[in-house]
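Presented sequentially are two complexes of chain A, the first with chain B as partner and the second with chain C.
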Partner chain A sequence: MKKKSISYAKWGYIFLLPFFITYCVFNLTPLVQTFYYSFLDYKKDTGSVSIFNTGSNIINNGFCGLDNFKTVLGEGGEFFKTLKNTTVIWLIGFIPQIVVSLLLAVWFTDLRLKIKAQGFFKTVIYLPNVIMASAIALLFYSLFTQGGALYTVFDKFTSDDISLLNKVGGARAIVGFINFMMWYGNTTILLMAAIMGIDPSLYESSQIDGATPSETFWKITIPLIKPLLSYVLITSMIGGIQMYDVPQLLAGDSGNPSGSLKTLVMVIQTGKDSNIGTTAAISVLIFIISAVLGLLAFNAMNDKPVNNKKKKKKKTYPAKGGK
Partner chain B sequence: MSMTPDVVGQSTGKTALLIRRIVAYVVLAFLVFISLFPFYLLIVNATRGKVQTGIQFFPSGNLPGNFKTLFGHLAQGRYGSIWKSFANSFIISGISCLLSVYFSALTAYAIHVYDFKLKKFAFTFILLIMMVPTQASAIGFYRMMISWGLMDSFIPLIVPAIAAPSVFFFMKQYMDSSLPLEIVEAARIDGCGEFRTFNSIVTPILKPAFAVQGIFTFVASWNNYFMPRMILQEKKTIPLVLQTMKAEILGNPQMAHAGMMNLYMVLAILPVVIVYLCLSKFIIRGIALGSVKG
Partner chain C sequence: MTNLKKMLAGALCLCMAGSMLTACGDSSDSDSSGKKADAGTNDGADENNGGADLSGKDSTKVYNIYCWNDEFKQRFEKYYEPVKDTALWDGVEVNWVINTNEGNVYQTKLDEALSTQVDDDMKIDMFLVEADYALKYCNSDASMSIADVGLTDDDTAQMYQYTKDVMTAADGSVKGVSWQATPGLFLYNATYARDVLGTDDPAEVQEYVKDWDAFKATAQKMKDAGVYMVAGFDDAYRLFSNNVSSPWVDADGKITVDPQIKAWVDMTKEYTDAGFNNKASLWDDNWKAGQKIDGKVFGYFFSTWGIPFTLLPNTLDKSVDDGGAEEVGNGGYGEWRACPGPQAYFWGGTWLCGCATSDNIEITKDIMLKMTCDKDVAKAITEGEQDYTNNKAAIQELIDGGYSNPFLGGQNHLALLTEAADKIDLNNKLSAYDQGCNEKFQAAMKDYFLGNTASYEEALEAFKTEVTTLYGNLTMD
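For the complex of A and B:
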């Protein structure tokens, strides 16, 4: 029967073509190449030194099995060192971010609290997210460098004359703070959307039952936004793995002080012309971590058992009232 | 645990609410301060002179002088043409934004409207690659661009924007909510070709989604530092100029002109901030829409 109608299926394929061709050429092929390089003894010829990255003095010594992975994962290898740096800096930013965002999201959606000028607050807290991260980094660099505006403020609290940027803890705290400042607005807005998706009658009935705000928060809000919370956590981790602009501009390619700001992705930039094999091995590890996290995020958003159950339960109540 | 709160209970509830409200506004005021103060300092510093020591809360009068220095020979010699850095950033971000929005919509349209064998596979595939960071394949990309002779060219920074999974995802969701298939069918009955239907009937409906995603992709490209740093050598985008400036503060602090650098930073973030402030309502709505499924 259906054969009588015209088949439009071919248009589906045609319209998909640009996306898939571009993806295969500019993403998939390089990805496969990266996996391939990670098994090659492929690095700069130390005999000749060239200033230009033309790639002419890079020698491919052929297949070397898992040697590159052994190098980067082994003692003195860059993987665990940079992974640790990345994780520590990410945590410094993420922990205050999730606490503040939850608090704000609850306040903004609280019907009794009735926060005014929400549009203004949301606009302001999201603003740092659209601003160029490298400009923010350079701004903080100029503020905290010796003689800078905030250097003189913070210098009063310390006995030595060293800028925060040259202390491991201080430099990491600055990067963490910038990450916090750039992302808490985004997280707040996501969490607000999740909280507003909760049926208001749940809050009303809890209020009638005399629940305190903190009880409502822990027993209604948190369980119901759990899928989105894990989504936020995982996507923030994926973002954290890609951290580059801020630490690179604050601390340079070597991630000073003493390499404490060198993140995973910075290894790719520094090794792209010298150690292609090991750099590719690190890239493969980055890919694996993000793929695992990505699948977790995918699952977190797709099953919401708690949500569905509650919704069914609630729907029976209004029926009693009748319309 | 009485069911009906007595008078005393009600009034304590009211003071509790008042206290919570005060705490909330104090915290919010503090956060507003944190979010804006660094940029206020940036603007003040853009009006100060070459050497800046210590904190200053009110603007000085060096703004015209800083403008002259920034667009003068001195800056040109050190950082290359300042105009050009803006033009480069604008060309790259503008074109990649247009490509990304148009082709993502086309891809989403293919999945939304047509029925074909590989439809489900294509959709899942795009969702899966959404989480793969571009950095993971960067080394392969870099070597490939070297062998293709595309170093220092804009092509590697622009063309990949055609395949933007997250923009696709947003477009697909937007179509689910506001593009009824009846419109497409009506166009077919009127004898409109498939491609023309998309271009002249569907894209006007998608305008709001185009605007929001256009801004997001433009901003992402404008602010991008990682890829241009890998690909560009002689040509410079804004973040690359910022990097040169930072190297100068570090290596040659006597020569660095702080007022001029701060002015450059202000100009670098200004276009995005203006657009954001004008359209913040739509942008903020867009964030929640793009990420929360269903």
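For the complex of A and C:
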């Protein structure tokens, strides 16, 4: 008790330790292993099993350079095809999601609209996000499968009796819609937080200068929430590239119709027990894409906002038309 | 003081880390009955499937069974438990670990568990295998020969030879036994038969479906009357796939599509375009809906287990769980009939295998003896469940005793099944990869039938991609 100051810093590290240990054991090690496997010609024969000599069904031909990457990226490889599927499905969900979220966020924060029962609406639009994706997927499956309630409705408008789930466009639209429904609430809340961070005097002064609501939206709201918009965009991309549960439950492992619902992660899930090398290669590619997107998000978050705000505050409304 | 604090903090850290580790180490035996599940997802099938916390228990006091649906569990509880050897079972409880067959989930989970058996404290005692992958476990050191379990040739004398052939390993030892034989029949809706064909007599209806030409002509008649001949794409699949000349995968790991399988594709495409089927896939809601008595589907190809396990529960208007009774007047009960159909075939089948590292072999022997070799139990199962048991003597006694099946309107379908069972020959028809090959092939061809893929060749290409992703060690031209 003689010392005047005691350093508590080490306790901080000690309390952080459990996280880092679990992270190393369960995240970092498999990650490094995946990189390692992606350079191996490594397969497993799942058509045989052995209890006493576990190595016998493993076919490991050792280091093979970039062959696995060549296989998945080359002709007949599944990477680009499934990347395209994933992107298309993600876009189908994301475009309406960002539009509706922006609209709702602006309405909810509008000083003059003063929408009543905001708490209620905010809860309701957020609610789908609380339900498990698989539960929603199963619900939609039973609605749209042949004989389902919505199948009967849509059947009236189509020329044949094939379920939307069995048509390329229909199946993608359903998955996109589920993603939209699950995430627009979350995005709305994020965007609202960003919009509420904007100085209200900006809106007031612009209105005094005669700006229309659409002008304030495009020239004040959008530029000022740009960092958060790009954050939403990029996190959604990272989530989208790992899309698996909804399309899998609607379309099965093969992602039919025509493999149009087959996402990147589905290939991994199908091949993980047998094609270890090539599956690891796909995982590594996804990791690289996600890492790049993550860096972009990091930059978008860290840049500008503080500077921008100061600059913009100083300027008068008409002067900042450009950006 | 500081020491005490340090110790407290350390203990807390340990607790946190410990809780994380236990959360991750949860045993991976949860049941995952997906939407399509498989043969067996009866409603409420997922009660107490595994998941029980057995850590710290003595493995000899727990009898672990791996299976993929609750069919065996139901039989086990109803027919084995009353006659079990209570001395052996003293203090021993059963732990069911149920994982769905679809997508190889069951095999993956089982293989994972088997690979750690030697060191594991909790030993698997019995696992069940299906015809689609029986070979894999038969040729493995994971399964125990029934001679080692303690079954004699006399015990298995009444079994159908093919059920023993399937599980006979290269060295001649039999690795598993089954309580059922699974010859298939064509089950048809008697109401539609009377309306369209003018008769519901099985012998006369058989004339209308005796070969594929007659089958097609009848399908046209049914269509004119607004009824689908079969529910969907995969219904007739087993009739072709069980009559192949070579298995899916040959000794070099090369996948070939047998001409019989191609014939199934051609026929189903023709039926789909002509509107003879209702575009259902096996096990989906639409497929099940057709089994109602007004389901607009004339017939289903079912193997023996299909009657009690699938058709019966699906055709009842008021399910047994809701208090409905299995009696005439409840939905389609009593309004189905069976006839041999255009081609002899079998479908499925479940074999019990003793696990090589089991520490409860005496119990395994007791189960196998009573469930698969005992004539009285076999008779009881057939009478109670309409299942076709793997005991020739029991079946013969039932036939001689004037067996009639109220579900089939009093028909004696055992006689038909006996004829079919004698014809089953599985030599050179099975491979260890059939589950995945069948599933992936049906999925790829469904796209072709629906017109999403333009040609058979294109669908075949999709199948090739899928199946070689699933089985990395196989090749296909």
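Please note the rule applied: the second predicted complex is superposed on the first by the 287 of 323 C-alpha atoms of A that agree within 3 Å, B and C clash if a C-alpha of one lies under 4 Å from a C-alpha of the other, contacts with A are read in each partner's own complex, and residues count from 1 in each chain.
The definition used in the following text is that a residue touches a chain if its C-beta (ideal position, glycine included) is under 8 Å from a C-beta of that chain, and two chains touch if they have at least 3 such contacts.
As the structure is a computational prediction, the values presented were derived from the model and not from experiment.
A.B. asks: Sticking to the clash and touch definitions up top, decide whether chain B and chain C on chain A clash or fit.
C.D. replies: On the shared chain A, the partners clash.
A.B. asks: When the two structures are overlaid on chain A, which partner does A:291 contact: first (chain B), second (chain C), both, or neither?
C.D. replies: first
A.B. asks: Per the contact definition in the header, classify A:252: touching chain B only (first), chain C only (second), both, or neither.
C.D. replies: Touch partners of A:252: chain B and chain C.
A.B. asks: Taking the superposition as given, does A:15 touch the first partner, chain B, the second, chain C, both, or neither?
C.D. replies: Both partners.
A.B. asks: For A:168, is the partner it touches chain B (first), chain C (second), both, or none of the two (neither)?
C.D. replies: In the superposition, A:168 touches chain C alone.
A.B. asks: Of the partners chain B and chain C, which touch A:33 in the superposed model: first, second, both, neither?
C.D. replies: Only chain B; A:33 stays clear of chain C.
A.B. asks: What is the contact status of A:45 with respect to chain B (first) and chain C (second): first, second, both, or neither?
C.D. replies: Only chain C is touched by A:45; chain B is not.
A.B. asks: On the A-aligned overlay, A:142 touches which partner chain: chain B = first, chain C = second, or both, or neither?
C.D. replies: Both partners, chain B and chain C.
A.B. asks: If we overlay the two complexes on their shared chain A, which of chain B and chain C does A:158 touch? Say first, second, both or neither.
C.D. replies: Once the two structures are laid over each other on A, A:158 reaches no partner at all.
A.B. asks: Look at the residues of chain A and decide whether chain B or chain C touches more of them.
C.D. replies: More residues of chain A are touched by B.
A.B. asks: Report for A:60: first if it touches chain B alone, second if chain C alone, otherwise both or neither.
C.D. replies: It touches nothing on chain B or chain C.
A.B. asks: Thinking only about the overlay and not a real complex, which stretch of chain B clashes with chain C: 117-125, 207-215 or 243-251?
C.D. replies: Looking at 117-125, 207-215 or 243-251, the stretch of chain B that collides with chain C is 243-251.
A.B. asks: Go through chain A and flag every residue that touches chain B in one model and chain C in the other.
C.D. replies: Chain A residues touching both partners: 11, 14-15, 18, 22, 26, 53-54, 138, 141-142, 145, 147-148, 249, 252, 271, 276.
A.B. asks: State the interface residues of chain B toward chain A in the complex, per the touch definition above.
C.D. replies: Those residues of chain B that touch chain A are 1, 5, 17, 20-21, 24-25, 27-28, 31-32, 34-36, 38-39, 41-42, 45, 52-56, 103-104, 106-107, 109-111, 113-119, 122, 126-144, 146-147, 151, 156, 159-160, 162-163, 168, 194-195, 198, 219, 222-223, 225-226, 229-230, 233, 238-239, 242-243, 245-246, 249-250, 258, 261-262, 265, 268-269, 272-273, 276-277, 280-281, 283-284, 287-288, 291-293.
A.B. asks: List the residues on chain C that touch chain A in their complex, please.
C.D. replies: Going through chain C, the ones touching chain A are 9-10, 13, 16-17, 20-21, 24, 34-36, 103-104, 107-108, 110-111, 114-115, 117-118, 133, 136-137, 139-142, 249, 278-280, 284-286, 289, 355-357, 431-433, 439-440, 443-444, 446-447, 450, 452-453, 462, 465-466, 468-473.
A.B. asks: What residues on chain A touch chain C, complex-wise?
C.D. replies: 11, 14-15, 17-18, 21-22, 26, 43-54, 59, 76, 78, 138, 141-142, 145-148, 161-162, 166-168, 249, 252-254, 256-259, 267, 270-271, 273-276, 278
A.B. asks: Would you mind writing out the residues of chain A in touch with chain B in their complex?
C.D. replies: Where chain A meets chain B, its residues are 8-16, 18-20, 22-23, 26-27, 29-34, 36-37, 53-55, 100, 103-104, 107, 112-113, 115, 119, 121-128, 130-143, 145, 147-150, 152-153, 181, 184-186, 189-190, 192-194, 197, 210, 213, 228, 231, 235, 238, 241-242, 244-245, 248-249, 252, 265, 268-269, 271-272, 276, 279-280, 283-284, 286-287, 290-291, 293-295, 297-298, 301-302.
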